[in-house]
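These are the structures in question, set out in turn.
In the two complexes below, subunit A is the common chain; its partner is subunit B in one and subunit C in the other.
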Partner chain A sequence: MNEIADFVNSGIRLTTPILFAALASMISARAGVLNLAIESKVLAGAFVGILVAGATGNNLLGVASAAAAGALIGLLLAAAHRLGVDLVVLAIGLNILVLQLTVYLMRSYLGGVGTYSPGIDRIPPVVVPVLSDLPVVDQVLARLNWIVYLGGALVVLVALYFRTRSGRHLLAVGEAPVAAASAGLDVGRTQLVALVAAGAIAGVGGAFLSVGDLGLFTRNMSGDRGWIGITAALLALNRPAFVAPAAAVFGFASAASIRLQQFDVPPNLTQFIPQGAAFIALVVVGLRAKSRRDVSRLWRRSSRIPLRWPGRRPSTPVPTPVGTVHDAPPAPPDHSDR
Partner chain B sequence: MNRERVERILRRVGLPLTAVLVALVVGAVLVAALGRSPVDAASTVIQAGFSCGADYCNLGGSLALASPIIFCALGAVVSLRTGLFSIGQEGQYALGGLAAAVAGYGIVLPAGLDPVVCLAAAAAVGALWGVVPALLKAFLAVNELIITIVLNAIAGLLLDFLVNYPLRAEASTVGYTHAIHESARLPVFDVSTKFGVAFVLAVVACVLVWFYLGRTTAGYEQRMSGEAIAFARYSGMSSVGSVLRAGLVGGALAGLGGGVQVLGTNYRVIEGFSDGTGLTGLTAAILGGTTALGAGLVGVFYAGITVGAVNGLQIVLGVPREIGSTVLALMIVFLAAQAPLLTRIERTISRRRVDRDLARGGTDAIAPVAHKPGARS
Partner chain C sequence: MSRTPLALAAVAAAAALTLLAGCSSGGPATPGSTDAGAFSYALITPGAAGDGGFIDSAIAGTKLAEKQLGVTGRVVEAESVSQQEGVIRSTVATHPGIIIAPGLDPDSLLAVAKENPDQLFGVPSDIYVDELPKNVQAFSINVHESSFLGGYVAGSLTTTKKVGAVLGIDNPGLNQFFYGYKQGVLAACPDCEVTPSYLNGEFSDPSVGQEAALALYQGGDDIVFAVAGLSGQGVFTAAKQEGEFAIGVDSNQDGDAPGTVIVSVMKRVDQTTYNLIKAAQAGEFESGFVAAGLADGVSGLSWGDGSTVFADHGPAALAEQIPALSAKVDDLKQQILDGSIVVCDALNDPTSDACAALGLKG
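Then we have the complex of A and B:
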């Protein structure tokens, strides 16, 4: 019984950062932006969070600045998106930049070669009034701080938000930016808000790693959790209802891989399961999208060539309304060759 | 050669160059903030990355490191130019390297033939892994970017599993495969840096990819599928075929990258072989303007800066070696940012010119011209 409670506890703690990253990825994707910079947002959040928490001794301030750091990267992405910068290239650059810059700064100013440990108190676990006194449940809830509960609350909040007026606008912008713009929505501003919010959420996920769970910062602390979060959001088909279970599949799979090592079960074997599930989910979505072409646009938007199937989608030129950032107006003829 | 043309060339070279310079300036500020001279730092990097002495040749080390990066970069070039935005080079590199290691240990052949067979195995496995996203994209419209993220993760897990269990050589803390036979090793010119045939192969591959994309019909079809899909389709080219070829060729090249790393430098595969070389190659391809020759040059540059930052900066000046990769990442960010700026500037200029011509009463301003603005930014 203890074993199981312990397993559930570590599973929840491993799920939390993935859940934050997955939420960030989902919000960006639903607003119509393929956001591959989640990894850098998580890492920046982890770094800035521990830096501020160590300097001020205030964990809450640390988490808040982690959110601000993530939001700043989100703002950068939104600005670049508006200018028409290739977000994929930019995101790859940002991921490498944050990874290398955090290590550079840590080695230069914080005196650590691979680890920075300011000796802060970790965020204390939440004591739930009745449940924390029960025999098994207390073990499950041990070491779970408020960021874990925040993650759960955010899932509900995002799900509810998608049902509000402004949430519907966000979904509309993501699915058909041109139509949304002609209906009077400000596409650029909606996407900016979505990217900033996604950045802040991913940053808090990073702060959970450094300030919340371990109380230290290590090189590449995010350890691909941003990418896993993106995959988890895909496994959830970018739906709020499935995000938590999808993130849990990844989190519990890595918890299981740690447990199973003592029985000499290959640790990465369990991690295949969520990745394989994500692969199958993507293929299934592809199969579905083939019959429902509208959905596939959402997936294809980022890719350079829209491989259209012959005989579909008449290509009548759509007049570009003011405020869209997607379709730039046709360039005037270039006479520089003469 | 008129003034407009000169101005355009200046713009198209000048703006990316400015982006690179800005990245260097930011790097210099970071170094200066530590109290070290940026000029010293730069000269140390160049010294430690690109110089060649009598006893130890730094340049050889850089070129040896550059070989797998160049292969991965070429794989990325072939994919990107065809419009297959695959970031799967990492997984193809990992599995290609593993295939070379398995073939190098499992098959015994004469010295001349053995590396060829091993490299063929690496290329075949890389191509197989590379054609998966292409197939999914062509027939199911699955986003290749997203699926390659998953495929990279699966390849990394698969490699670590195979190296730790079925292919493990001996009980140790870190899993590794058996070393390949002597006959399977790629010859080296310089034993201390392992600079050898691997780099020659990378250069040959560079030229071949340039020739394939620029001078053959198949390569032309691929480029047109990437740059002007409507034109490609109207002229009867098969965009599906192009994408599949891009997946196969790009995957084979990245797989060869893993192959030369194993046959030329490591001689076995250790756990964690998938260490970001494929991603480095992808960024080198982007920095090189997704051209074969550019990718090769940037690959060497990239390796030199990495070697220079590790051997020079950190040991001589005490500046953390991460500054090298930081500056390279800054270059990617700024280069990405300047591309739309260039398009905007060119658009404004040509609009002004048309306005001016119209104001002057000329009718030739409206005449159509067969030039596509900003096709390759």
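Then we have the complex of A and C:
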């Protein structure tokens, strides 16, 4: 029983950064933007978070700065999107840039080269009244700080948001940008807000790693969690209801690969678990997408949507500019057949 | 139409920034051989400085050589395997006296070495190939004996009679650490239990290292040997949280978590780097493999280097045992060197009796 409680506890901690990344990916995807820069946002969040927490001694400020750093990258992405830059290329560039920039800054200004450890206290675990006194439950809840609970709360908030008027607008922009634009929605602004929010969320996920969980920063400490988050969001079909379970698949697979070794399960087998989970997840997504083309369509299309109308491609029909939908002059009647 | 130049400018700016970051990670390079006549070296590393392990150690070795031998040279970083061949070639073109190449892709290195028979190459730490060209000298540092000493320390200090190890991956190179360690633990405490935990090749993910160590501490282990590169930092944070202890690896990590890291099992890549440069400068370069270990001073415990971090910062109950234990470790070292203790070498001789006794299936 104790082992199971410890396993769940470890799984929750390993899931948390993946959940934040998955939420970021989901929000971007639902707004119709293929966001592959999540890895860089997580890493930037981890770095800026610990930097500010170390400098000010205030962990909350650190987490807030991490969110700001992620949001800034989101803003950069949105600005580039508006200019018509290919976001896939930009995202790959950003991922490399942030990785090298953190190493460079660490080396140039922080003395430490591979590891930066400002000696801060990690964010203390939350003590939940009553629950933390129960026998097994207290073990499950041990060592979970408020960022973990924030992740859970965000899932609910995003789910609720998608049901509000403004959330519906975001979904409409993602599903059918042309229709949304002709209905008077500001596609560019909606996507900008979505990208900034996604960046902030991914940044907090990074802060969980550095400020929340370890109290130190190491080179490339995001460890592909941004990419795993994107996979988790895909597995969840970009739906809020499934995003936490999908992220948990990866977090718990990682925990299982660590914990099962204590029970004489051969390490070769346990080490396959995370990769195996990712593989199975992608197969499931592929099969789903084949039967219901929505997911893949959303993703394929998202990097091609021109943001401002009229589009420049002659092959696409030129939609009416936003805002002039209703007062556009009627097309001149065609008399050629008369 | 005005958007096209703007978009291009944005892409160009991003590209320039990326390049800038890439170049600036060129690191603490001292300006090339300015001193005419002085012997020069070039160190090509397979990653950025700051791994806290063999790369930093190799750089320290070159610094020592600069100070002691008056040589000059520079450090070149080749971040990925795909860059390495190009970097090696361009380094050869600058004609340094010797090229030090720790941990590079063996195929690229040996291919370039064969094409340039007049250029000397030195590999300060393991290269897993069968034979070397005439112009390459390679050290292989054996750590099983020093891990035995580390294990003996763990076995002597454990109060729960359970100790563990977090290893980056399940391969013979890291198992050389583990089985030496295990044998050392059992030598001090025959009824102790030694548990390994492998990390699936994650050498730079302290979060996973922390979870693995937590699992061990929760299972009752009170000392964990961290053999996992940067992931090992997570072992130290887990040990600090739980009020337990850890053992460091590769370089002297005693100071990474003072009072928590008891001792470090060191792989003295700095020493082999220094030796290579020294030999090449003196014209005593010899091609082929050089096996080195505890006997040559290229592997050993941080205590042997005079590290007293744990004795100074550790809890009194443990710290007061350190002087006696340190003397005992020196005694054991002598016994290993004179052959009265044979330590399992899981890398070079996994079928030996010593290994079979530890349950290693060769």
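Simple rule for what comes next: the second predicted complex is superposed on the first by the 269 of 338 C-alpha atoms of A that agree within 3 Å, B and C clash if a C-alpha of one lies under 4 Å from a C-alpha of the other, contacts with A are read in each partner's own complex, and residues count from 1 in each chain.
The rule we apply is simple: a contact is a pair of C-beta atoms (placed from the backbone, for glycine too) under 8 Å apart; a residue touches a chain by one contact, two chains touch by 3 or more.
Note that this is a predicted model, so its numbers are computed, not measured.
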Task: First (subunit B), second (subunit C), both or neither touched by A:L101 - done: both
- [ ] Figure out whether A:P125 sits in contact with subunit B (first) or subunit C (second), or with both, or with neither.
- [x] neither
- [ ] Identify the partner contact of A:L209: answer first if only subunit B is touched, second if only subunit C is, both if each is, neither if none is.
- [x] second
TODO: Using the touch definition from the top, say if A:L34 reaches subunit B (first), subunit C (second), both or neither.
DONE: first
TODO: Could you tell me if A:G167 is touching subunit B, subunit C, both of them or neither one (first, second, both, neither)?
DONE: neither
Open item on the list: Per the contact definition in the header, classify A:L234: touching subunit B only (first), subunit C only (second), both, or neither.
Closed with: first
- [ ] Kindly classify A:Q271 by the partners it touches after superposition: subunit B alone (first), subunit C alone (second), both, or neither?
- [x] both
- [ ] Could you say whether A:L83 touches subunit B, subunit C, both of them, or neither, answering first, second, both or neither?
- [x] both
Open item on the list: Output check: A:L14 vs subunit B and subunit C. Expected answer is one of first, second, both, neither. What do you get?
Closed with: second
Task: Where subunit A meets both subunit C and subunit B, residue numbers - done: 80, 83-85, 89-90, 93-94, 96-97, 100-101, 103-104, 107-108, 268, 271
Open item on the list: Looking at the complex, which residues from subunit A come into contact with subunit B?
Closed with: 34, 36, 80, 83-86, 88-90, 92-94, 96-97, 100-101, 103-104, 107-108, 224, 227-228, 230-231, 234, 266, 268-269, 271-272, 275-276, 278-279, 282-283, 285-287, 289-290, 296, 299-300, 302-307, 310, 331-338
Open item on the list: Quick check: in the complex, which residue numbers of subunit B touch subunit A?
Closed with: 4-5, 8, 30, 33-34, 80, 83, 85, 87, 136-138, 140-147, 149-151, 153-154, 157-158, 160-161, 164-165, 225-226, 229, 233, 239-240, 243, 279, 282-283, 286, 319-320, 322-323, 325-326, 328-333, 335-337, 339-341, 343-344, 346-347, 349-351, 353-354, 357, 364-366, 368-374
TODO: Would you pull the subunit A residues touching subunit C in the complex into a rising list?
DONE: 2, 6, 10, 13-14, 17, 79-80, 83-85, 89-90, 93-94, 96-97, 100-101, 103-104, 106-108, 112-115, 117, 122, 143, 209, 213-216, 218-221, 223, 254-255, 257-259, 261-262, 267-268, 270-271, 274
Task: Residue ranges of subunit C in contact with subunit A within the complex - done: 3-4, 6-7, 10-11, 14-15, 17-18, 21-22, 24-25, 27-28, 48-53, 56, 170, 195-202, 204-208, 210-212, 214-216, 218-219, 230, 233-234, 237, 241, 256
